[in-house]
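We just call them A, B, C and D in the order they show up, numbering each chain from 1.
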Amino acid sequence: MQAQRWGDRLSALLRRGPLLAVLVLYTLYTTLPFLWVGAMSLRTTAEISADHYGLPSPAHWGKFRAAWVDSNFAGYFWNSTVVVVSAVAIVTILGAMAAHALARYKFPGNRLLYFILFSSIIFPPQIVLLSLFQILVNYNLYNTRAGLILVYVSLQLPLTVFILEAFFARIPQDLFEAARIDGYTDFQIFLRIVVPVGMPAIVTTVILNFVHLWNEYLFAVVLVSDEDLRTLPVGIQRFMGDYFQDIGMIATGVMIAVIPVIVVYTFFSEKLIQGMTAGAVK
Amino acid sequence: MSAPAEAARIALSAAPRRWWPASRQGGRDPGAPSWLTLMVFLAPALVLYAGLTAYPVIRTFADSLYDLENMDAPRFIGLAHFVQIWSDETFLRAIRNTLVWSFIAPFLDVATGLLLALCLYAGVPFARFLRIAWFTPVLLSYVVVSILWLWIYNYDWGALNLALRAVGLDGWTRAWLGESNTALAALMVTHAWKWAGFNMVVCLAALHALPSEVLEAAELDHCGWAAKLRHIIIPLMRPTLLNLYILAFIGKMKVFDLVWIMTQGGPMWSTETVSTYVYKRAFAWNTFDLGYPSAIAVVWFIIVLAAAALLHLAFRQREKLEY
Amino acid sequence: MATVQLQDVCKRYGGVGSLAAVQDVSLTVADGEFMVLLGPSGCGKSTTLRMIAGLESISDGRLAIDGRPMNAVPAKDRDIAMVFQSYALYPHMTVAENLSFGLKRRGTPRAEIERRVNETAEMLGLTEYLARRPAALSGGQRQRVALGRAIVREPKVFLFDEPLSNLDAALRVATRNELTRLHRRLGATMIYVTHDQVEAMTMGSRICVMNRGRIAQVGAPLDVYRNPADTFVARFLGSPPMNLLPARLHRTPTGARVHVAGSEFPLTRWSDAALANIDEVTFGIRPEDMHLLPAAAPPQPAISGTVASVEPLGAETLLLVDTKGGEVTARLHRDTAARPGETVRLAVPASAAYLFDPDGRAIAADRVPQDEALN
Amino acid sequence: MSQRLSGWLRASAAALGLLASAPTAIAQPTAANPQTVTMWSHWPDEASKRGYVEGRVRAFETSNPQCRVRLSFIQKADIYTSARAAVRTGQAPDIFWLEPDEIAFARNGFLEPLDKYVDLNGLEDWARASWTHNGRVYGLPLEAYTVELYYNRERVRALGVEVPGNGQMGQAQFTDLVRRGVAAGVTPLAQGVADRPFPGAYFLEEVLLRRLGPDDYRKLLTGRLSFRDPRVMAAMTWMRELVDIGAYPRSMATLKLGESHYYFHTNPGALMFPIASWYTGRAFVPPESGGQPAGFPLGLMQYPAMENSDCPECKTLAVGGSYVMYSRSRNKECAGALLNSFVNIESGNQWMEGVLLQTGIRTDPSRISGINAPYFRELQQRSEGARFFIGTPLQYMTGRCADTFQQVLNRALPGGQITPQDAATQMDAACAAAPQ
């Protein structure tokens, strides 16, 4: 639906004009730092300090194994995976059920509840972080994966409900009346109709939550102090502190953290972009 | 946006926004849920929300009235913290830095996003590849972005200074994160670098949603692409642009990891933001009092909500466009 | 006002070899003429209109307005106004701003703009809505604003892209008359695209029927109706459409006779020369040109068949008759007493018959028809 | 509704809590069921100290089978953040690394007094004093250091400057040395403040200590002497003068402590390096893991004394990395024994020999041997007849005063971004103690 008409003439201008140069420059601006780190991750610090922008002529793939095993990145990676995957699973289930109830059922306080959940998207994290740390201590969930998982679920719940409620509310009413006539119970309606029909939005929230939580640093660094339970972002930051001269190893660590997000991105780039921007287009 | 997705979007947007009509006449309302089903659906989410979001907020409000230096014997001191806050030079500077960052930088973000989207919309070669390449930084974690840019800003071998020296502008090379007048700007650029792709993609989606006949009608009304941009495209995109501004505003209010890893509040508190100051007062200073940082968090919470509400109201009534 | 000339205009989406949306269209619209481009959806009429407007690039061929070649001229410089099917009003501007936007863009002095906007608003009854936004108007009002936007510009050529298709039936008829009156008053050159033949017949000074990217026929409405160039035009104009039956000719010393739907009768209007070396033909007769023959009627060209169904429409009655050559529709007087299953004979006056060659092209009748009863 | 909700919440959370480590009864450590002591130590990237600590811990484990030790090396900043959070939760490690400026841990009752576990007179008395709070000793002062001014003998000689016999230059001579260094394109003073709150102020501290003498210097650090005192202003103005000449590297703000070592002795190389004597921890290791190059002409200078300094022979001696015990630890017996195993002459000597750094543990320096013994003797010689001032500014300053010290004296002044007057006003505003 692109305005072919307007596009034809402007792109003619572009081909000759400076804008194409701007595009090339901007593409370099966004991708070069990334490629630079990629190159550095394959070079030893000595090679790097000799020439910071050299190519990884003898690519040291062994460094990835070293980072993975010696610097405990396997542990960080495993912690991140366990915490993020279970948090995303739980928040998707809870979020979908809550969103369905808010979208489908008319009960007193429905809009108030929705507003409370919706407004907590804007909350600055500090208002929750300080006392959350003390509360987890009382529930002796401090320094445990379970604690971090539950916190992550509560962090992502408002956004999940916001996106799913908007989508579920638009499912036409006659679908439900037909199901009710066929004798479906409320729960069956949810499982058989709402979930399948709402699958695009659900997948969107899963991807969105995965990317957010995979990169989360603040709550992880405060709520978990035990080195064995540390997640990836905190691991890299601590790693940077330990080997602050060993730039090569830090670059390798950075690449290990980035690879899963890139893998998700290459397969779901369209879905991901659409998901991230779902709420924003008016 | 591919045609089928576009069609689906239109079909969905055409469906009524709220399904149940305003008034329902007598009899047991078939839509009303039994109390049990409602509980089954809502209870788990609400319990978790109450326990790990609502209760902590209330508790932080309560903590802000105590001196928690000695954890086992909190000392009620009422509004002492709040009085002390307004004379706390660093806190005021943190508020200034954060508000500068949250109000000014979004203009830069949204403008770059729109510009990039217009380039793709105009039909540039490899538009699909560029769209995906430009979006990559949005997915990186702040830790990774911070490390990347720490190296780019490095004085001796950083990319920025090397480029300047290569171009012969040696005078311009400086310790970007080391000098108080450039540190905040450097962080703003890094944050913009990460989020520009998001704004671009949203603007592109909005551009594709524009009715093409209106653009064609404008062309017949003697509009070149510049006039079309000024008179038709920007006005019609205003709701999306305002929305992006609010999202960027909220995002920049909350930034913590980027500042903490790159500058820890920076030279002479020039990049101190409220989030780093709260973290510093709670976990980095050698005091154990969580009362004062809670007070800061409370004040900041009120400012954020007020600002968000203000922006929402300011933009809402000029936003009622339907095409 | 202006004349519009199209010379072998083609439009191809994609490479040279790909299917042409518009193929070798040559058409001249005289100054002040109301030309209607008629055809089914996908026949290239809208594409042609958009090429004239400059909204589509012309693959090859020449377009000229007032003799000036327009191929390379961008849409904004062609002094053309167009009324879109979806009106395409500027949603963020008031009616007054919508009307004056074009003039402002061309640097017309403010007073002049003021005068023309008020005059046009007056003419279209939009004066009280000038301050409203399009969202606050009804479909009919929006359509008139779109029209006003074109009129205010006093362009060389008016283009209409099915402007009435979004209106309800009653409003459509009213607006049709308004457009015709407007054309007469402005005397402007107008090109109007529609798929509705009623609009074409009632509004067009000339009709250009298009089919699969090509021009099937151009002519005055009644000419095209009476002398369709091919089977497509024949069936497209007229509702219910002309009956087309497969037929075979055989020549006799006394002249050619036609074998159709189990009957046989002479072809008085076609000389032997016209029918040279043609055997298989398509016989055409319009439903309104047939009438029921009572049992005792004298022998005359007619076809017989059993009544399939009777459709009383109030003003007239349609009769569907199954004949050996296929189903035939006849439009008869409203009190026709025929019942399904009866066998009837339908008269086929020689003057109303049409013949088409195997390629569907009409075969011109070159002898004056005499109405005589000849068996 | 909220009452019932919070009650319900506690119940469900307690159930969840069982997943976490269930509290075990306090059992006497026996070989059968050994106590595991978790120990966090700093110095992850200082090979010699790491080697020493690991050695002592392994030795302790072999001689005490009933105790196991889970030792991990973590960056100092992360130890502080985690420890500060963990001590409140009852899940802090049994032994962790602290510096005396973190005495707040003891004040809040999170540290166990070591009097019962450690032979106190095995420690130097000045070292014990740094960790004494309400008459009890809370930290084992393993590392001690003096603030030295290292320099590259060859580069200084190459500039035609002769270091006086006692190694202490006058103000003018030192300024001239800096000027010559800058002229020769060599950074006079290597320094990096990216990841530590104190290195940038070392030079100013030592000059102030020598100019004011110990008592006034202590008053200055405790807010009972204004920074606008003319002697202090003179010192700061002189320092600003050196900065304006170009004494410090322009990348100081983003240079890390480890990188500043590398900057001094290898790439690009500097004239002098004002750093504590724990320079050896990072420098006396093989070059490929960041150490100084073989045969590096390392020299030791005294900090220059300004005109009419009250105590040119003064010098800072401070306790650095120490180990403390968590008050709510469940393995106090093993932890106490482990700490005590550090406190003997032989262990002290082993530290000095291996790490070439002073220690708070009583030692017999005469028996030091090993290849770097000459350096150690020169270090001892530089401290001959010195009047020691115990502690660094950050061990006296807390809260806002410490934060301002870090931003103003540690970064802005040496970075040339603040005038002495502004620095003085800001420090006074933050540190002026309430009039007693």
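Heads up, the rule we're going with is that a contact is a pair of C-beta atoms (placed from the backbone, for glycine too) under 8 Å apart; a residue touches a chain by one contact, two chains touch by 3 or more.
Not measured: the values here are computed from a predicted model.
For the pair chain B and chain D, chains touching both partners: A. Relative to the C-alpha centre of chain A, the farthest chain centre belongs to C. Centre-to-centre, using mean CA coordinates, chain A is 58 Å away from chain C.
Chain centres here are Cα averages; for chain C and chain D they lie 95 Å apart. Separating the centre of chain A from that of chain D, both taken as means of CA atoms, is a distance of 40 Å. Chain B and chain C have CA centres that are 57 Å apart. Contact of a single residue of chain B with at least two other chains is seen at positions 51, 55, 216, 219, 283. The residues of chain C that reach two or more other chains are 55, 74-75, listed in rising order. Residue numbers of chain A whose C-beta contacts span two or more other chains: 5, 8-9, 134, 150, 222.
On chain A, the positions that touch chain B within their shared complex are 1-11, 14, 19-20, 22-23, 26-27, 29-34, 36-37, 52-53, 94-95, 97-98, 100-102, 104-107, 113, 116-117, 119-132, 134-135, 150-151, 153-154, 157, 161, 169-170, 172-173, 177, 180, 186-187, 190, 211, 214-218, 222, 232-233, 236-237, 240, 247, 250, 254, 257-258, 261-262, 265, 269, 272-274, 276-277, 280-282. Only residues 10, 13-14, 16-17, 19-20, 44-45, 72, 74-75, 77-78, 81-83, 85-86, 88-91, 195, 256, 258-259, 262, 267, 288, 290 of chain D touch chain A when the two sit together in their complex.
The residues of chain C lying in touch with chain B in their complex are 53-55, 74-78, 80-82, 84-86, 88-92, 101-102, 105-106, 135, 149, 153. If you check the complex, the residues on chain B that touch chain A are 1, 3, 5-6, 12, 15, 17-20, 29-34, 37-38, 40-42, 44-46, 48-49, 51-57, 59-60, 63, 116, 119, 121-124, 130-144, 147-149, 151-152, 157, 159, 162, 193, 196-198, 201-202, 205-206, 208-210, 212, 215-216, 219, 225, 228, 239-240, 242-244, 247, 250, 253-254, 256-257, 261, 274-275, 278-279, 282-283, 290, 293-294, 296-298, 300-301, 304-305, 308, 319. By the touch rule above, chain B contacts chain D in their complex via residues 47, 50-51, 55, 69-71, 89-90, 150, 153-156, 174-175, 177-180, 267-269, 280, 283-288.
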